[in-house]
Structures are given as C-alpha cells and as structure tokens.
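This report refers to the structure that appears directly beneath it.
Lettered A, B and C in written order, each chain numbered from 1.
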Amino acid sequence: MDELVCSEFKLGRRFLGCLPHGKDLITSIENFCTASNIRMATFSVVGAVSSATIGVYDQKQHVYVTFTENTAMEIVNCIGNVSLTDKTPVIQSHIVLADENGKITGGHLFSETVLFVGEIDLQEMIGKPLERVYDNKTGLMLWNLENPGGS
Amino acid sequence: MDELVCSEFKLGRRFLGCLPHGKDLITSIENFCTASNIRMATFSVVGAVSSATIGVYDQKQHVYVTFTENTAMEIVNCIGNVSLTDKTPVIQSHIVLADENGKITGGHLFSETVLFVGEIDLQEMIGKPLERVYDNKTGLMLWNLENPGGS
Amino acid sequence: MDELVCSEFKLGRRFLGCLPHGKDLITSIENFCTASNIRMATFSVVGAVSSATIGVYDQKQHVYVTFTENTAMEIVNCIGNVSLTDKTPVIQSHIVLADENGKITGGHLFSETVLFVGEIDLQEMIGKPLERVYDNKTGLMLWNLENPGGS
C-alpha cells in the first residue's frame, strides 16, 4: 500500500456524555458500544484520571512497551476509534496526560486507566464496519481495507 | 454512576474560522456562541498563543492549581465543548502547547490565554442542551445527564 | 479582526482509512485530497512515525524554527485541516509525539515525516472553500474569511 486507502461512512448517532468515576476508560467505552450496538465510531475524551497505563510501540521488536503512572493527571487529549476485532467492538486510542506540574506524558492507551472524571464526544459511523486483522509488516492489528467487514 | 451515560444529539451548523489576534481564547469562543445562539457544541483549535494560563485539578483538595506561561507557544492541540451553566454557554477545554524548543506543557484551559493566531472547527449540537451542575464527589461542575437541560 | 470570524459548511463525505507505511504524512493526505477532489476538510490521525519534522513559529521573526527527530515515535495526537492555496488543497496540521520513554514533543507538522502506521478520520466540508493568503500582521498564510474562496 503506497497511498492512503479509505472507506466512506455515513454519520450515525452522535453522543455526548460522562464517563464513570473510578472505572476503566477503555472498558467503559467498549461496554457502551456493545450495549448501544455501535460497531464503528470515532471519539474524543477530556477529563482526568487517577492512574493510567500507556505504551509506545517498539517498531523493531513488534511489542508495546507499557508503563503505569499511579498519579492524578488531566486527560489533556484522548482521541480514538471503535472498530471490530472478531466481531466485537474494540478501541484503538492514544492519550496525552498532564500531571500536577504541567508535565506531559502520553502514548497508546491501555487498561487499566482509572477515570476520575471524563466527558466523551462519540460519532457513530454507518456502513460496512472495518475489521482489524494481523499485519505482518508492522506486527499490529490493522484495518482490512481491501476487504472491509470481512466475510 | 457505574457506566458511560450519554445524551444523543443531532448535528447542527458546522463552522470553520479564525480566532482574533491578541484576544483571549475562551472569551472569543464564548462570545461567538452567545452571538450565534449556540448552546451546545464541540470544537478543536490549532494555532499559537503569546501567553497561556493552564491548570491541573487537585483531585484531593478539589481545586485547580493554575500557572501562566508568558511565552510564545504553538497550540499543538486544543479540544473542548460548549454547554450551559446558568443558561449561559460556557467552555470546558484542555490544551497542549509547544514552546520554541518543542517542549510540551498542557492542562485545563483558563483565561487569560492570549491568541497569536488560531483556527477553529466547531460543530453545533442540536437537542436538549446539557447543563453543568456541582458534583459533590469530584467538586467539579459536571453535566446533569439524569435531567439534561433542566427545567 | 477583534472577534472570531467563521464560514459555515455542510458536511460532505466522511472517510476512515489507513495511511501508507514508509511514506510522508502530509503528502499522503494531500495526494488523497487531490485525487478525491476534496478542497476543504478537517482530519485527525493516530499512529506512529519512524521520523518526524516539526516546528514552532517564531512570532517575532516570522519564521518557523524546525527540527527533525530520527526516531520511532507514537503519534499521540495529530489534528489539522485542508483548504486551498493557489487553488490546490494544502494541509495545516499540528502533531504531538511520544518516544519510547513516553517523552513528548510536538509542534507544527512539516515534511518529511515518515509513517510507520497511521489511521485517519477525515471529514469533507462542502461550501465555498477557504483560501490561504499572506497575512502581514503574523507573517502566516491565513484564511481569507472576508472573501472566502476568492474570485
């Protein structure tokens, strides 16, 4: 693939709401998507966490190096998407966090990341949902855009 | 509240435009919303500031610790939303800034944050607007999702 | 200009897709826009790069100070827009990156920034496209909102 390859979607439902205090960020969104029958979406979150697990991908060894910060931090940015893996809605998201001194960290979002407070803006996408499949070149689960939705 | 609680909205007007040089970031957006009768929206901004006031929430003492940077910085990210407090459109936003060495800081956006230049992408939301009310558990003004819009 | 000045747009096509491994981030998006006849859009990207060129604007001397990081990093945030310069779709975008230790850098996105992997969410805007023209006060190419689209 030498160029940007896309699928086109219609806009579905648009949700704004609050994420639950004391709960895991990823699990909360995935549970909502399952309960609301959302298979494809993009979202953003602002808020704060009481702890966070984030990672950066080692592009040579094909593993995520993760670390956990057990401290109160602002979610200064968090964007991501929802698509299907094995027919189940799963989140891919990156997060940027600020500690009490304004020092910033960030990376790929993992569980467990515990919410203090959070506001989400989620846009459902209507169309043949993209499915994640293993990509040999990168070692990551990427969208199967030649055959979106699989069969 | 143990799970994500949302309201659903229809998409209203979509605006792209320029923020005013030398003016406060928050005030500029709130004034536009008031003048345009926007009560609920989400937005993002990229641009640059000549100074910024940002804060991080002290989750134990329930106060924002704020600090001001009197230096030219890029707005590398700024996302937020507009909703109602006491019937007036107010902004909740987080910002990420880069100084001339690429050093990053960020947090909850406060006034006064003075624009050098800025481009905004704002999506109006149509529906019963969410109102912010005091939340005892966190000490923050959160959306009243059990009774959105009040009455 | 003392206040926020906007144009209103209708929502066009919405695309989600993958950016090409080993290619330049900006060029990939601009080529897609040209090929798809997109003249105005906003977008976000998450992913990873193998190298990046970013800059911060010197607000006094009116030049971008740029620097290149030849290292694998996560794209923890990247938002931007597409509009016209000399009738051609061009990108303005800011990026936030995390290295393997979670250390963050960021700024205005330049070429060459080489993709390892990337997922884009792009919203086309329908209406009179904004054109960038030179602004004396800031030294930047800003949207001509008094006369959007030119003639």
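Definition applied: a residue touches a chain if its C-beta (ideal position, glycine included) is under 8 Å from a C-beta of that chain, and two chains touch if they have at least 3 such contacts.
Just so you know, these numbers come straight off a predicted model, no measurement behind them.
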How big is the rotation relating chain B to chain C when the fit is done on Cα atoms? Please round to the nearest 5 degrees. 120
Looking only at residue numbers at the chain A/chain B interface, is the share used by both copies over half or under half? Answer same or different. different
Between chain A and chain B, the Cα-mean centres are separated in Å by 22
For chain C, residue numbers touching 2 or more other chains are 11, 77, 79, 96, 104
Considering the complex alone, what residue numbers of chain C touch chain B? 1-11, 40, 42, 54, 56-60, 65, 67, 77, 79-81, 92-96, 104-108, 125, 130, 137-138, 140, 142-143, 145
Could you please specify the touching residues of chain B with respect to chain C in the complex? 11, 13-21, 23, 28-29, 31-32, 44, 46, 48, 50, 72-77, 79, 96, 98-104, 116-117, 119-122
